[in-house]
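First chain A sits with chain B, and in the next complex the same chain sits with chain C.
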Partner chain A sequence: MYAQAFFVAVFGLAAIGFGVVVFRTSSMVRSALALLFSQTAVGCMFLAMQTEFLGVLQIMMMATEMSIMAIFMVMFMMDPGGMGGMDMTHQKRFSIGAGVVAAGVAIVVAFWADWGPVTAEAPDAAMQTRALGMELLGRSMLIFETAGITILTAMIAATAVAIPVQTTANIADKEDTE
Partner chain B sequence: MNFVIVLLALLGSVWLLAVVEGWTTTGRLRPAAPLLSGLAHLGRESIVPRTPDRVFFETAPVLLLIVAVLGAAVLPLAPTLVIADLATGALFINAALAYVLVALIMAGWGPNGAYAMIGGWRFLGQLIAYAMLIVMPITAVAMRAESLVTTVIVGSQDGLWNIVYQPLGFVLFFIAAMALAFRAPFDLPTAPGELGGGVDAEYTGVRLGVLRLARLTLVITLASATTVFYLGGWHGPLLPPWAWSLIKTLAVAVSMLLAGRYLPRIREADLMRWCWTLGIPLALLNIIVVGLLVLVVP
Partner chain C sequence: MTLVLIVALVTGAILFGIGVYGALSQTNLVMIMMGVELILAGALVNLVAFWRFLHPESYSGQMFVLVVMTVMAVEMAVGFGVAIARFRAKGSVEMEEAGDLKG
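Showing the complex of A and B:
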């Protein structure tokens, strides 16, 4: 019990620490990978709380997601390496205020919410995986399928928008520039 | 105890693979060569490039080695010879190997060199190509075993190995595993002769030694995963279970080497096109076929 609390606390602090690094660095790749390791630490918190499947899934998903985010940040920022001394932050006062308010709300909810009875003994990992599968393919199936199809539609739409349309006008333009 | 045995088996396999690799490239069988070359790496100067991202530069080789070992930790050599028999083993290996990408991006970005950076980002494109072909065949394997536990997956192949039960999945997984291990013909992030070593380019001395060790360990881990998922793991006549696991793993690793020697390097765009237009439909077909087999055949 104490060991569990200790590891949850350690990984929680690591998650916050890496979260701070995200905003303290000017390098876009460092920032993205710091966010990745913050999320990995959250995955480790899941593991420490005996939710094996969720923990492993979190650790797996974040690696690719954050790496892909890193390349987009490198592509779109003017100073991706952070070596040009550009200030990457903006709206400082508003963001500090929003951060403090959000943290306050989270703390109030954590302490005052009725969390119900705490499960004394977590079911073993294989049972959890089974229960999760039943949930995803049963009651929650419609929600997840709707979300999945929506994201897929958005991806196809975004790709379609990004492909340049061949019209007689822009073919003529191209020939002019050549 | 299991930890030490599996680690020694991993090291031994890496050594054998390095010897075979040397044998196929130089034509001479020199058992001491990997050890000598490792010692030589220790003795050489390990240069740090100008204005590097020091944290990434130092972390990348070590991270690559750690994820390769972590991946091997859930793969059983024998029914009880496994470091961690996790309830989510087949998912865990994916999670561990996802960090190969993170290590290569770090190795690419860290040294502040053009070739290295191109190599690192190239691997990101390579991941977009191979990732689904790792996960979807494993899904079909887990469907047959009705479990994500690696020892149960091997147990499910008692009598009929998955290479026979789902050959399509095996072919896709084998190709994707080679792409994940960035072996030729998928060695786009290093691309000797074209990118001047890519992510390897700026590493020297002991850091390069760790990077090379990590790459070979990654190949062994993936060969071991192929063995566990498709070649019946420890199943086999006469010899003890662990011996079968090792023989199969080495056979897969060597076949990966051989395939790489006789095939030209594939272009990034071609790899992505083939994986998405042909690979993923085939992987879906594999899932459907296995699903039907699981439901229909008792």
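Showing the complex of A and C:
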């Protein structure tokens, strides 16, 4: 039990530490990498809590997602390397207050709530994966299918938004440059 | 065992707080999305802890985690789509320059 608490705490501290670095560093690539490490630490917390399938899924998904995010950040940021020392924040005091209040309220609830009896033993990894599969293709199938359709819709919508609009002015400009 | 649950819940709460700070304080669309990712990561930690320590017999908890992961992926896809469109139209994804999006 203490070993589990130790590892959950260590990975939790790593997730929090890298989460802070995301908004502290001026280099955008470092920000993306810090978020990747933070999300990986969250995945490791899942593994420490004996939720193997979700832990591995979290690490794999976030590794891909954050690599893409790093590329976008370099493309879109005015100062991706952070060499210019630009301040890219606003309403700092209000944001810090809101963050502290949000975290504080959640921590108070965590300590004060009566969580009831806590289970010591979790099902083993193979049993969990099998039971989750049965859940996905049984009782929660509609939710699972809806999630899949939502991702497909988001992919199509994102591509549609990203494709440049072909107006007559655009076409004329293109022809002029050619 | 309650100790592990509390450690996980406190970690989730702090991640949530950092995410709220990031989402409110950053001026760049991609950085705001990073804040939202941290908020959702905090929610994920709580969900897994609730499933593991309170209801390991019910797999609806794990299903909920998969739904939140889907929300993370959708947020990224749509966010980057909007970022590309905005960058093409205005040459920047700075939210302080996006006052024209107000209704």
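The criterion applied here is as follows: the second predicted complex is superposed on the first by the 169 of 178 C-alpha atoms of A that agree within 3 Å, B and C clash if a C-alpha of one lies under 4 Å from a C-alpha of the other, contacts with A are read in each partner's own complex, and residues count from 1 in each chain.
Keep this in mind: contacts are C-beta pairs under 8 Å (C-beta built on N, C-alpha and C of every residue); 3 or more make two chains touch, one makes a residue touch a chain.
Keep in mind that this is a model prediction, so the values were computed, not measured.
Superimposing the complexes on chain A yields a three-chain arrangement in which chain B and chain C fit side by side. Touched residues of chain A, counted separately for chain B and chain C, are more numerous for C.
In the superposed model, A:A126 lies in contact with chain B only, and not with chain C. When the shared chain is aligned, chain C comes close enough to touch A:S95, but chain B does not. In the superposition on chain A, A:L57 contacts both chain B and chain C. Of the two partner chains, both chain B and chain C are touched by A:I68.
Of the two partner chains, chain C is the only one that A:W115 touches; chain B does not reach it.
In the composite built from the two structures, the nearest CA pair linking chain B and chain C is 13 Å apart.
Across the two superposed structures, the residue set of chain A contacted by chain B and also by chain C is 53, 57, 68, 128.
Residues of chain A touching chain B in their complex: 27, 29-30, 33, 36, 52-53, 56-57, 59-60, 63-64, 67-68, 70-71, 81, 83, 124-126, 128-129. Interface residues of chain B facing chain A in the complex, by the touch rule stated above, are 51, 53, 55-56, 86-88, 91-92, 94-95, 98-99, 101-102, 105-106, 109, 112, 121, 124, 127, 131, 147-149.
Of all the residues in chain C, the ones that touch chain A in their complex are 1-22, 24-31, 33-35, 37-38, 41, 44-45, 48-49, 51-56, 59-60, 62-63, 65-67, 69-70, 72-74, 76-78, 80-85, 87-88, 92-94, 96.
Looking at the complex, you find that chain A touches chain C at residues 1, 4-5, 8-9, 12-13, 15-16, 19-20, 22-23, 28, 31-32, 35, 38-39, 42, 45-46, 49-51, 53-54, 57-58, 61, 65, 68-69, 72-73, 75-78, 88-92, 94-96, 98-100, 102-104, 106-107, 110-111, 115-116, 118-123, 128, 131-132, 134-136, 139-140, 143-144, 147, 150-151, 154-155, 157-162, 164.
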